[in-house]
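Labels run A, B and C following the written order; every chain starts at residue 1.
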Amino acid sequence: MSITIDQISKNFGGFQALNNVSLDIPEGQLTALLGPSGSGKTTLLRIIAGLESSDSGRILFGGDDVSQLHVRDRNIGFVFQHYALFRHLTVAENIAFGLESLPRKQRPSKPDIRQRVARLLEMIQLPELAKRYPAQLSGGQKQRVALARALATQPRILLLDEPFGALDAKVRKDLRRWLRALHDEYHFTSIFVTHDQEEALELSDQVVVMSQGKVEQVNSPTGLYARPESRFVFDFLGHVNVLAGVVKGQKLVQGDAWVSLPAVRNDQEAQLYLRPHEVQLARTPCAQAKLPLRIEAISLIGSEVRIELAPEGWQSDEIWEIGMSHAEFARQNPARGEFWYAVPGVGHLFVADSAQPRTIDWQYTEAANASSM
Amino acid sequence: MTTSAQTGVAPVRRLGRRHKRVLPGFGLSLGISLFFVSLVLLLPMTGLVVEASGMTWDQFWFTVTDPRVVESYKVTLWTALAASLFNGLFGLLLAWVLVRYEFPGKRLIDAVVDLPFALPTAVAGITLATLFSQNGWYGQWLAKAGLEVAFTPLGIVVAMAFTSIPFVVRTVQPVLEELSPADEEAAVSLGASDGRVFRKVIFPSLWPAMVTGVALSFTRSLGEFGAIIFIAGNTPYVSEVTSLMIFIRLQEYDYAAASAIAAMVLLASLILLFSINLWQGRYLRRLEGR
Amino acid sequence: MASHNRRIGDQPWVRRSLIGLAMALTIILLVIPVVLIFVQALGTGWSTFAGNVLDEYTLDAIGLTLFVAALTVPLNLVFGTALAWSVTRFRFPGRKLLITLIDIPFAVSPVVAGLLYLLLYGRNGWLGGWLSTHDVQLMFAWPGIVMVTVFVTCPFVARELIPLMQQQGSEEEEAGVVLGASGWRIFRKITLPNIKWALIYGVVLTNARAVGEFGAVSVVSGNIRGETNTLPLHVELLYQDYNIAGAFASASLLAGIAILTLIAKAFVEWRQSQTEDAAPEEGGA
C-alpha cells in the first residue's frame, strides 16, 4: 500500500519539528528516513503511524485519508526504537498479543494463533525462545521478536524507528541483511528511520534525507550518492573534503592552493566538495590543480586504505581524507609526514548564489589537455 | 460510521475530531482525579474560608497573636528546626553507611528506617513517653546526667525527630547511589584528602537532596500531633505546639479561634509545600542538564 | 573490590566508627522503642495481654479500625491509579499543579485536616447544616472518620506509582495500541503487571496509615467508646486512664501491622530488583 504525506506540519511548543512536508512512499518499497537528531524524521514516522497528530496536512494510505483514523485502526506494524516488548509476557505471548487483540469476529482460534506464532518464530529463527521473557534476550533477539510481533497481524505497512540503533556493529549487519531478505519476500511497504547513512544506503530502495523539519532530497541510494543536491546532503553522506576559496581567472584559489574551473563568474566565493574516492595522490602538482598536503595518518583497516591529510599553505575546517586501494597504496607507498599533492578526479562546486552544486569532471579536461599537448 | 469502499480501511471513528491522545482513558482517569481532588482536598478548604471570613480582621488578628498562641508558634518552629537538623545529619550518616558499606544487619537497618512512617503516631507517642519518663529505660539514665526530656520541649524535639527520620535518608540515598565513582576516583588520584573530596566532590551533589529531605522533615514536624502530645507535657507557654493549640480551641468549642490559627498553619504548610516542589523541580532540571 | 580502595571513607577506622555510630543510633531510636512496646504489652503475662486485647471496647475499636481501612483502601486505590495514569501518560495544562495538589495531605497537619472536615460537614458548616436538616450526621460518627482517613491517605498510592510509571514510559502501552488492543486490555495485560508491586506497596502504606491515623480522626470522632473509637484513639484513652498495659496491648497490635508493612516493603523491593535483574516472574501464561 502506498503512502502519501501531504503538507504535514508539526510544532512542539515553539519548536517546528516538521515544516510542510510532502512525500510519496511507493508501494512495496523499503524507504529510509535519514537525518540527524532533531531533523523531524521520528516525528514524521510517528505521525504516519498515528502515534502523534499533525498540526496540519494529511496522511493517505493507498489514496485514503487516514489522518482522522486512530492508530488502532490504521493496521500498521510499528517497531519501537527500544523494542517496547511487554516485559511481563513471554516471547510467544508478545507475538500473539496483536492477534488476541483482534475483535472477536476476526480473531483466529486459539490453535490458529498458536500455529501462527510458531510460524513467526520460525521466520525470526528463534523457535526455541518462545517461553523466554524479553529481559532474557539479547538486543538482536529482542529486535527480531519486536518485528515478529509487528508482523503478526499482517499489516500492509511496517514502520521502524531506528531499528538497529541500539545494536552492536556485527549484529546490526546481520539483522540488516535479514530484514532486507524478509522485505523482499513479503513486500510490505516499509519505512525506517535512521541517522546512519551507511544503513540507509545499504538497506533501502529509496532514501529521504531530512534536515530541520524539511525534506532535503529524495532518491534511490545510487542516485543519491551520485548526485547529492545540497551541502547538507554532502556533509551527511560521509566525509567530504572541502576547498573554500575565491574564483579568480578560471581558478578557485585559497592561499597556495588552486583548482582549475570551467567558466564561472570571477571574484565570487565558492566551495569545492571532493569525496575521498574522487581524489588521488601524486608526488607533483598536476595541470588542473595544486593542492599541497601533508600526510597525518594512514589507516590500513578495511577494504581500502584511508589517508588523512592536513593542508599545507592553505586551510580547511576539517582534515582531508583520501581513500585508495591496497594495490595503489603498495605502488605509491606514501608515508606519514610526507608532502603530497591531491589530484581531483570529480568535484562538486557550490557557488554563493546557488544551492545546487555543479559537478566538474577533470578527467575529461586532463585527457583534452593531454591530447592538445 | 463510514467505511471507505475501495480498500476496506477500517471505519473512521470520531469523524471530524483530531485524535490528540493515542493512549486510552484520558477522560476517565482525569475525570476521576479531578473529582476526587475537588471533593476530598479542595472542598473542605471552603469550610475554613467561610468560618474565618465570619471574623473581623481585628478578631482574627487578636486570636492569632494571642501570647499563648504566639508562644506555641515559637516552640513549634524551633523544635521542628532542631528535629529536622538532627535528621539532616542522622539521615546523611544512615544513607552513607547504607550505600557505601557492607556489614551484617544492613538489610535490617534499611528496613527499620521506615518504621516511623509505618508506626501510628499515637503508638510512637506513648512509647517515647514511656522510654523517656523519669523511671523509663532512657529517662533514668538521662536524669542522672541532669537531662529531662519527657514533659519538656526537648521531648517535642525527640518526638518530631522520631516521626520524620526517613525523609532525609530516603532523599539522599538514591542520589548517593547514582553518584559516579569516577569523579571521586579522579579526585583521589589527584591527591585530594578524603575530607576535601567529600566537601568538593560529593557534598555538592548531595546537598540539594539534603535540603529537600530536611524541608520535608521540617514540614512534617510542624504538623505533628499524635507523637508529641504524650511526651510534651503540654504546659502552656512552654511546651504547647500549634497543632495542640488548635485542638484545645476546638475542645473549648471556639471554632472561630481554631479556624484562625489553622488558617495560619495551613498557609505556612502550603507555602512550604509549593516551595519544596519548586525547588525540587529546579534542581532536578539542573541535574538533567536542561 | 579494587575500585573501593580509591573511594573515600574506606579506611577501616572511618568505616567502623561510622557503621558503629549508625547502628547505635538506629538501635536507640528505632529498635528499642519497638521492643519496649512488646515488653510493656506482654510484661504482665500472656493472659493479661489476651484479656486486654479481647476486652469488649478493644474489640469494637479493632472492628471499627478495620472497617475504616476496608473502605479507605479501595477508594484510594482507584483514585491513586487514575491520577497516576492521567499525569504520567498525558500532557495537559495544570498537570504539574495536580501533582503538587495531591501532596497537600502530607504537608497539612492532621489536626488541621480534621478541622477542615469538621468545619464543612459539622452542624455549623455550610454543607453540614444542610445535611443535618436532612438528618444526615457525618461528623462524630464513622462516616467522618472514613472521610478524614481518605484525605490523610490519598497520596500514598499515587506517590508510589507516579515515579515508577514515569520511568517506565509509555512505549509499551503505545505498542499495545498499535497492535489494536482496547484500553482495558492494555491496562490489564501491560500496565498492571508492570506496576503490580508498587501498587501493592501503595496499598500497604495506605492501609498502615488508615489503621494508625490519630490526629485527624481524634478531631472528628467524638471518642464515643464502642462507637467512634478507633484503635489509636483507644490507645490514647487507655493511656490517659493509666491503664498502661492495656494501652500497650492495643499499641502492640498496631506495631505488629507496622512491622508487617516494613516486611511487605522489603519484599516488594526485592521483587522489583529481581525483575530488573532480568529474572522474570511466573513462568507460562
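The rule is short, and it goes like this: a contact is a pair of C-beta atoms (placed from the backbone, for glycine too) under 8 Å apart; a residue touches a chain by one contact, two chains touch by 3 or more.
Treat the numbers as computed from the prediction; the structure is a model and nothing was measured.
Participant: Draw the chains as points, connect those that touch, then say whether the picture is a line, ring, star, complete or other.
Facilitator: Topology of the interface graph: complete, with all chain pairs in contact.
Participant: So which one's got more C-beta contacts, B-C or A-C?
Facilitator: B-C is joined by more C-beta pairs in contact.
Participant: Between chain A and chain C, what is the separation of their C-alpha centroids in Å?
Facilitator: Using C-alpha averages as centres, the distance is 54 Å.
Participant: On a C-alpha centroid basis, what's the spacing between chain B and chain C, in Å?
Facilitator: Each chain's C-alpha centroid was found; their separation is 15 Å.
Participant: List, in ascending order, every residue of chain C touching at least 2 other chains.
Facilitator: Only 174, 177, 182 qualify.
Participant: Considering chain A alone, which of its residues make contact with at least two other chains?
Facilitator: If we look for residues of chain A contacting two or more partner chains, we find 51, 71, 73.
Participant: Considering chain B alone, which of its residues make contact with at least two other chains?
Facilitator: 22
Participant: Show me the residue ranges of chain B that touch chain A in the complex, using the header's touch definition.
Facilitator: 4, 6-7, 9-20, 22
Participant: Where on chain A is chain C touching in the complex?
Facilitator: Against chain C, the touching part of chain A is residues 49, 51, 71-73, 76-78, 80, 82, 84-90, 93, 97-98, 101-102, 131, 133, 135-136, 149-150, 152-153.
Participant: Under the touch definition given earlier, write down the residues of chain C that touch chain A in their complex.
Facilitator: Of all residues in chain C, those touching chain A are 171-172, 174-182, 185, 189-190, 193-194, 275, 278-281, 283-285.
Participant: Over in the complex, which chain B residues touch chain C? Could you list them?
Facilitator: Listed in rising order, the residues of chain B that touch chain C are 21-26, 28-30, 32-34, 36-37, 40-48, 50-51, 90, 93-94, 96-98, 100-101, 103, 105, 107, 109-124, 126-128, 130-131, 137-138, 161-162, 165, 181, 184-185, 188-189, 194, 197-198, 202, 219-220, 222-226, 230, 242-244, 246-247, 250, 255, 258-259, 262, 265-266, 269-270, 272-274, 277, 281.
Participant: Can you list the residues on chain C that touch chain B in the complex?
Facilitator: Touching chain B: residues 3, 6-9, 11, 14-15, 18-19, 21-23, 25-26, 28-34, 36-37, 40, 78-79, 82-83, 85-87, 89-90, 92, 96, 98-113, 115-122, 124-127, 147, 150-151, 154, 170, 173-174, 177, 182-183, 186-187, 205, 208, 211-215, 218-219, 231-233, 235-236, 239, 244, 247-248, 251, 254-255, 257-259, 261-263, 265-266 of chain C.
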